[in-house]
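Each in structure tokens, the structures are laid out below.
What follows is a pair of complexes built around chain A, which joins chain B in one and chain C in the other.
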Partner chain A sequence: MSTLHTVNKSPFERSSLKSCLDHVSAGDAVLLIEDGVVGARKGSQFAGALAAKNGACAIYALGPDLAARGMKASDLVDGVKVVDYAGFVDLAAEKSRVCAWL
Partner chain B sequence: MSETKKKFLYVNRKAPYGTIYALESLEVVLIGAAFEQHVSLAFIDDGVYQLMDGQDTAAAGMKNFSKTYKALGDYEVRKLYVERESLDERGLKVENLMPVTYEDEDDDYAEKPSLIVVDRAEMSKIIAAQDVVLSF
Partner chain C sequence: MRFAIVVNEGPYTHQASDTAYQFARAVLAKGHEIFRVFFYHDGVNNGTRYTVPPQDDRNLQKLWSELAESHKLDLVVCIAAAQRRGILDANEAKRQGKDGDNIAPGFRISGLGQLIEAGIEADRLVVFGD
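For the complex of A and B:
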């Protein structure tokens, strides 16, 4: 019955990531896509907020969007998992609903 | 008409007029209502500005679509959830919002409020209870 939340904006530009993290329920998944992936970078201003939710929720970042921005899995906040497009589809299919934070 | 009736939540997070999101959301809300689905709306972050009372777009030269919210009751859209923290952060009070009501046919068509102020934790539960969430 859980939800997949997607965030596609940089947290440095919009409040989408903050709003998303404020509204997730335990067991939900958060997938960072497009410019949203910059929020997952280790040492960034949002690393703490992301790490605080990682556990109750699973946090993912989309690999192709990371690669396009010169980022690797090792650059991410500990525990953030990288998925490819097929992984994105799997997440969407396994959750009961998708909630996009624009 | 439709055999499957699902719970649709329209999440509104942007102020009106600066972008097309708020107006587009209303269009899609009315489509959802026309297909006789369970439709409710959520107003989070700057989305609460969509419900401000006394919107006057004449000088800005834009179409004022704020009256549409008041008509939603006629389309069986009766739940407009407004997030309390989003109002507080913006220095807004529920008194600053336009009155939105519906007529309850089970109660001699009494006018009842459609705006429901909820806190952030309640909003999370509302999202978790939907079949479909559409974001604007």
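For the complex of A and C:
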């Protein structure tokens, strides 16, 4: 049973990204949406924790939310993949369940 | 695949209602089914037809109502959350002795059982909130 985890708040505002990364299992996917995409920025204090999970888990960021915040794929921690809403739906369908870290 | 969506945040608060709406559209565009959209907590504020945002801003209530109309979606507002926030349909307005109702087209007021049922009937339950 693999899970898609969604995180919608910046790690500088809430601890939801940290809680999520502490609970993910191998084979899960983490999708950063809304202000959560800030957590994927290269060089931030959370980049190490994210990079450490990227591999056993796949980390994604929602493209339209990156664009709305002036961020692009090259701003992100290496290996973080960008998806659109259709990709979000595909991830939700591929995994057995969706857990929103609110 | 059959999806159910939960919206726990009102419109124009942060982004949850926008994301849920865009996700719902993407689900339908992929040919999946939406069993129900359940509006809970402040999310019930998506369901008042008295919403009047500026003309150059998106009208989330209208967008949900139009999506419900075009795809025959079941938009359910939690009754206890709705009563606390002044969201009433004609029956509730009468029962509570209020002078009018404000439920938006395509929305209906019901109970938490509808959320439980959505969790059982849908293959995926996706929650958006604050």
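Rule of thumb we're sticking to: the second predicted complex is superposed on the first by the 102 of 102 C-alpha atoms of A that agree within 3 Å, B and C clash if a C-alpha of one lies under 4 Å from a C-alpha of the other, contacts with A are read in each partner's own complex, and residues count from 1 in each chain.
Following the convention adopted for this analysis, a residue touches a chain if its C-beta (ideal position, glycine included) is under 8 Å from a C-beta of that chain, and two chains touch if they have at least 3 such contacts.
Small disclaimer: the values here were computed from a predicted structure and weren't measured.
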Overlay on chain A: chain C relative to chain B, clash or fit: fit
Partner chain(s) touched by A:98 [first = chain B, second = chain C, both, neither]: both
Which of chain B and chain C A:44 touches, first, second, both or neither: neither
Computed vertex angle (chain A) for partners chain B and chain C, CA, steps of 10°: 60
Partner chain(s) touched by A:54 [first = chain B, second = chain C, both, neither]: neither
Touching partner for A:15 - first (chain B), second (chain C), both, neither: first
First, second, both or neither for A:88, with chain B first and chain C second: second
Chain B and chain C, minimum CA distance [Å, superposed model]: 5
Doubly contacted chain A residues - partners chain C and chain B: 97-98, 100, 102
Sites on chain A touched by chain B in the complex: 1-3, 15-16, 19, 22-25, 28, 96-102
Contact footprint of chain A on chain C as seen in their complex: 1, 3, 8, 14-16, 19, 22-23, 25-27, 29-30, 32, 124-130
Residues of chain B that touch chain A when the two form their complex: 11, 13-14, 21, 44-45, 120, 123-125, 127-128, 130-133, 135-136
Residue ranges of chain A in contact with chain C within the complex: 6, 8, 33-35, 64-65, 84-86, 88-90, 92-93, 97-98, 100, 102
